[in-house]
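The two complexes that follow have chain A in common; it is paired with chain B in the first and with chain C in the second.
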Partner chain A sequence: MAALDESYDEEHEGSEDEVEMTAAEALSKLEEAWLNEKFAPDLLETKADLVDCMLEQIQQMEDNLKRCKKGDMRILIHKMEIDRIRFVISSYLRLRLEKIEKFHEEILHRESGRKEEDPLLLSEQELSFAKEYSQSVKEHAKVLVLNHLPQNFQKLDREKTAPKPDLDQHVFLKANRNQDQVLIEPELEDDPSAEVVDLVKDSQYIMRFRPLVPLVTDGAVSLI
Partner chain B sequence: MYGDKALELILELKRAAEGSLPPYNEDGIRQVLEETSVLYDQNQADVLRESSMTGAESLLSAVQFRHTCLERNQRCLLAYLHNRLEIIKEMRWEFGSVLPPDIKNNMSEQESQWFNKYSKSLASYMRSLGEEGLDLTQDRKPPKNLFIQVRCLRDFGEFETEDGSMVVLKKNSQHFLLRSQCEPLIRQGILEHILS
Partner chain C sequence: MMDPAEVEFLAEKELVTIVPNFSHNKLYLISGDIGPFNPGLPLDVPLWLAVNLKQRQKCRIQPPEWMDVETLEAKKQEEKDSAVFESVMNPHFMEISKLLLTHAADDITNADEVHALIKDLWDIRAAKLRQSLDNLSLMEINTIRPFLTQALDNMHTLKMNSM
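Up next, the complex of A and B:
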């Protein structure tokens, strides 16, 4: 983190504090999004803006480095920092691709039911990847097996066969702020004992993922 | 026994060594499909008989049983295909868009086509990231050091490092190079990372 700020201090002489902050903030936000994505069983909202912003940042840092003298000690430190940021970005995007591939049917189904004002689940590029992927996998199954089966076995029921993320999986989390009266719905529908929990800032919990979805999206809790 | 051949397909995949792709078992698939159509025809006949005469309710349990076998066969076949695709996907990430011939030989025609499609989708996705694109198959592990010790496993020839100097990569020579530059060469099996 420090190296990132320094690179700004040193190489953008006179650059404003605001810019400096946003670069650092964007990185920490991206890191949080990355960890959340890593530990959440379901695909979270896209943070394509953050990714684009950091990619631009890397590009800028690399350009700045090119202007530095050869053999300058700082180059190595900054290169290391760039490598680290690039790892976080790639890992984040890889995690998302993995989930998209695994749950492609479910995700595309949700995407098609998404209303205009709802937050974007997939970035534009991810969406077109998901569509191409889904289509090719289905085509593959059809050509090799399904077309050769008796007629009433040729169609697959999405509800029954497509893998879905397990939202009842338990996750570790840390509260970022005090949050009173979080309603934990019972796991079974006929279980009447809904629970209410107060989350205390900076404490850690283990809970089912499902009731937490809005809190994660909101940034009120981070998965760890 | 019904369903044995389908199970055999799945087991064959499961027994294959980690990270390898067994040859596409076209014959096995064909046999399962044949069994499936036999079962289906028998079921059709029984259902017809059951509806045309009274007192044939006892046929129903057989119909039910065959139907379950049919569902199981369908599921096993799809699982076979799906898991093979998972391995093939893994290969794309490991080797890039050109596969070594020994793997290619074990893929069916359809699978090669699928691989090309997948490879293309992935490549165009990666190209669309940022201004110049971002290769997600790189940076697979958290970076620890900027430079790493590598040893050449075979003659590669001249290699230009990022700062413009030339290094000759000869078999068994050792170098201290930028990690980010070595990664692709390591994956292609030209360099080996030496852990000291």
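Up next, the complex of A and C:
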């Protein structure tokens, strides 16, 4: 479609995405999602659309590079960039798979309670991975231990046994815009002594992840 | 936890000025357009590209303005005299210095002195780390991440249990 001597910025505009975004913007959004995912104790909403968008860009770029003459200095430079983007994508996906493996029960439970209009937690592939993984683990527990126990001990109670992400872990963050009166102790909601903070744009903080969840989701803060 | 190499990866997106010795049309990278390249004409490129071109002897790197003995000495004094963290020249000053001093030392005037000053600045700031967070660079945050976050996690548990 596009040749190497056309700007990628202009080319991506008008794609099927609702929000029009240049390739460079999509990349920086994905990089931010990568860091958020890295530092969040819990699995965040999937950004599969950004991953797909970047994979498409890479594919296009690689097709273009195939048409380049050998020794064209652009090949090496574009390949270096592609490697950098691939690194971010694989690291991002791996981080998510790690969390899915760790919290598969909890995540599948949440996914089954998700309403149609809620944002997607898992991509299609992640969902089928989570299901298969969970199935294998259950099967394994059954064959190895549960089947050998007395009847009344053979059930696994998700509430009691499945590991859950610890939302009370502390994280570093940077405010992307001013945000007044952030309630940082949601447990004390009705208590007048509950602490609130004003986040100042570009300032850096360290606080508990739980009250930050909505702020990370809408991009008001970035985890660092 | 973040690998220092990953922090360096992020720093490699910072722009630096190079003086190429070749000519080439504009490059249309996914992350944005770069160029055109003309021999002797300075232009800004991401650090990862600058280092690569330098390694292939295709350019000279113009070190950032702050990478200079006089500026760094002033910065060091300012940091020493202050009880809090002074703003740094660039949030990635440590990684950029390391990359440039490793790969383009011949382009930096008084490279040895610059190296020593950057290290002093880092040490003074590391000593202050036990106090505040603003103006901290990612590499600095990374060095105290496990200690600080776990200490606060434990304090939160204690607080919740005593309520």
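Simple rule for what comes next: the second predicted complex is superposed on the first by the 195 of 224 C-alpha atoms of A that agree within 3 Å, B and C clash if a C-alpha of one lies under 4 Å from a C-alpha of the other, contacts with A are read in each partner's own complex, and residues count from 1 in each chain.
Here, a contact is a pair of C-beta atoms (placed from the backbone, for glycine too) under 8 Å apart; a residue touches a chain by one contact, two chains touch by 3 or more.
What you are looking at is a predicted structure, and each value in this text was computed from that prediction instead of being measured.
Visitor: If chain A is used to align the two complexes, do chain B and chain C fit next to each other or clash?
Guide: fit
Visitor: Taking the superposition on A as described, I'd like to know which of chain B and chain C A:I89 touches: first, second, both or neither.
Guide: In the superposition, A:I89 touches chain B alone.
Visitor: Check the residue A:I224 against both partner chains and state whether it touches chain B (first), chain C (second), both, or neither.
Guide: The answer is second: A:I224 touches chain C but not chain B.
Visitor: Regarding the shared-chain residue A:L55, is it in contact with chain B (first), chain C (second), both, or neither?
Guide: In the superposition, A:L55 touches chain B alone.
Visitor: Does chain B (first) or chain C (second) touch A:F129, or do both, or does neither?
Guide: first
Visitor: If you stack the two complexes on chain A, which partner ends up touching A:M80: first (chain B), second (chain C), both, or neither?
Guide: both
Visitor: Put chain A at the vertex: what angle do the Cα centres of chain B and chain C make there, to the nearest 10 degrees?
Guide: Taking chain A as the apex, chain B and chain C sit 100 degrees apart.
Visitor: Once chain A of both complexes is superposed, is A:P150 in touch with chain B (first), chain C (second), both, or neither?
Guide: After superposing on A, A:P150 lies in contact with chain B but is clear of chain C.
Visitor: Can you work out, in whole Å, how close the C-alpha atoms of chain B and chain C get once everything is superposed?
Guide: Superposed on chain A, the two chains' closest C-alpha atoms are separated by 7 Å.
Visitor: Would you please give the residues of chain A that touch chain B in one complex and also touch chain C in the other complex?
Guide: Correct list for chain A: 76, 80, 84, 87, 91.
Visitor: Give the list of chain A residues in touch with chain C in this complex.
Guide: The contact residues of chain A facing chain C are 4-9, 23-24, 27-28, 38-39, 54, 57-58, 61, 73-74, 76-78, 80-82, 84-85, 87, 91, 166, 168-172, 187, 203-206, 208, 224.
Visitor: Would you mind writing out the residues of chain B in touch with chain A in their complex?
Guide: Its residues touching chain A are 29, 33, 36-37, 40, 70-71, 74, 77-78, 81-82, 85, 89, 108, 110-111, 114, 117-118, 121-122, 124-125, 128-132, 134-136, 138-143, 146, 163, 179-180.
Visitor: Can you tell me which positions in chain A touch chain B when the two form their complex?
Guide: 51-52, 55-56, 59, 70, 76, 79-80, 83-84, 86-87, 89-91, 93-94, 97, 101, 125-126, 128-129, 132-133, 136-137, 140-141, 143-146, 148-150, 153, 156
Visitor: Tell me, which parts of chain C touch chain A in their complex?
Guide: Contact set of chain C toward chain A: 2, 6, 9, 12, 22, 24-33, 48-49, 52, 133-134, 136, 138, 141, 145, 148-149, 152-153, 156-157, 160.
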